[in-house]
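Structure incoming, see below.
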Amino acid sequence: MPTIHIELFEGRTPEQKRDLAKAITEVTVQTLGGSAESVDIIFVDVKRQDWATGGVLWSERK
Amino acid sequence: MPTIHIELFEGRTPEQKRDLAKAITEVTVQTLGGSAESVDIIFVDVKRQDWATGGVLWSERK
Amino acid sequence: MPTIHIELFEGRTPEQKRDLAKAITEVTVQTLGGSAESVDIIFVDVKRQDWATGGVLWSERK
Amino acid sequence: MPTIHIELFEGRTPEQKRDLAKAITEVTVQTLGGSAESVDIIFVDVKRQDWATGGVLWSERK
Amino acid sequence: MPTIHIELFEGRTPEQKRDLAKAITEVTVQTLGGSAESVDIIFVDVKRQDWATGGVLWSERK
Amino acid sequence: MPTIHIELFEGRTPEQKRDLAKAITEVTVQTLGGSAESVDIIFVDVKRQDWATGGVLWSERK
């Protein structure tokens, strides 16, 4: 609490996720107070063929 | 906005997801107004061994 | 199964949700097969002050 | 309804999920009433490299 | 971790939620191991007018 | 894409959410690249009586 879910296209590196988790935790604690240990972050990889915007899958967008 | 998540059993073809994303976006715009580009749809494949109804996993239902 | 979550700005009428649930269920059954009774749809109202795009809450966008 | 999502680290056996789905369905029906068939449970496996607590991914915690 | 979300019709009493949180935590620890403190449960109340099955909102089902 | 959901105890001020949305969007763009406009953030307020840790609702924890 807070618990943060991040849906993003697959293909990010472990380093990017590591850095993003660290940075989001920091700004969350700075803004809301509380301890860093109370912040949970879960990354959810989404394939481009599973995400549509405007009715078109990203795997088919140019 | 709107953002739509669709959890379904794995095994659907890319064509089914493409057609469903297109059709849901259309009826959403017809009903709510707004632009198609503002509609995001995310498909979430679920294995039959990860979904239970009535306390029984679908991988074990007859 | 499928289970569909629709996040949308609050303020839609019950009639819009009713019509959208009916239409999405129909296109889902047409595209994926299965019975209408197996389609669950949950609407999640989101306040404009709880949704940000580009780092700006929609309650503060012009 | 109710619909229950369980996010957990990947690596649980099918038997553990089967037993947990059965047990959670039972206590849900005992507490809330209703039929077991109305209880849906979806397991969501999360990799340790996709879950951070305190800003540190579990794949990097000691 | 695990993190459990329970969507249910609004109207349950605080006592029912308290009892259900306790019972689900117990069976989760018994089945998966780990400590009770690592189990988070979040209840999400859903109005009958926001949940449709078979294309019909529960507020309009007989 | 990315789409970020933040579940937190109710009671945060609009200013806190505004600042957090801005800060998280910034660190996300810095870490992952892409445009700020592609980052959606949805805050989900949770009542203390709807969140349990260790089987105990936060409304009943001392």
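As written, the chains take the letters A, B, C, D, E and F, and residue 1 is the first residue of each chain.
One rule holds for everything that comes next: a contact is a pair of C-beta atoms (placed from the backbone, for glycine too) under 8 Å apart; a residue touches a chain by one contact, two chains touch by 3 or more.
Predicted model only: the values in this text are computed from it and were never measured.
A.B. asks: Of the chain pairs A-F and B-F, which one is connected by the greater count of C-beta contacts?
C.D. replies: By the number of C-beta pairs in contact, the winner is A-F.
A.B. asks: Examine where the copies subunit B and subunit C touch and state whether the two sides share over half of their residue numbers (same) or under half (different).
C.D. replies: same
A.B. asks: Find the geometric centre of each of subunit A and subunit B from their Cα atoms only, then give the gap between the two centres in Å, rounded to an integer.
C.D. replies: 20
A.B. asks: Just curious, how far off is subunit D from subunit C if you go by their C-alpha centres, in Å?
C.D. replies: About 25 Å, centre to centre.
A.B. asks: Would you give the residues of subunit E that are in contact with at least 2 other chains, written as numbers and ranges?
C.D. replies: Residues 1, 3, 7, 24, 40, 42, 46, 51, 53 of subunit E touch two or more partner chains.
A.B. asks: Going by the touch definition at the top, which pairs of chains touch each other?
C.D. replies: Between chains, contact exists in these pairs: A-B, A-D, A-E, A-F, B-C, B-D, B-F, C-D, C-E, C-F, D-E, E-F.
A.B. asks: Note which residues of subunit E are touching subunit C in the complex, please.
C.D. replies: 7, 46, 49-57, 59-60
A.B. asks: Provide the residue numbers of subunit E that touch subunit A in the complex, in ascending order.
C.D. replies: Residues 1, 3, 40, 42.
A.B. asks: Quick check: in the complex, which residue numbers of subunit C touch subunit E?
C.D. replies: 14, 17-18, 21-22, 24-26, 35-37, 39-45
A.B. asks: Spell out the part of subunit A that touches subunit F in their complex, as residue ranges.
C.D. replies: 1-9, 12, 16, 19-20, 23-24, 27-28, 30-32, 46, 51, 53, 58
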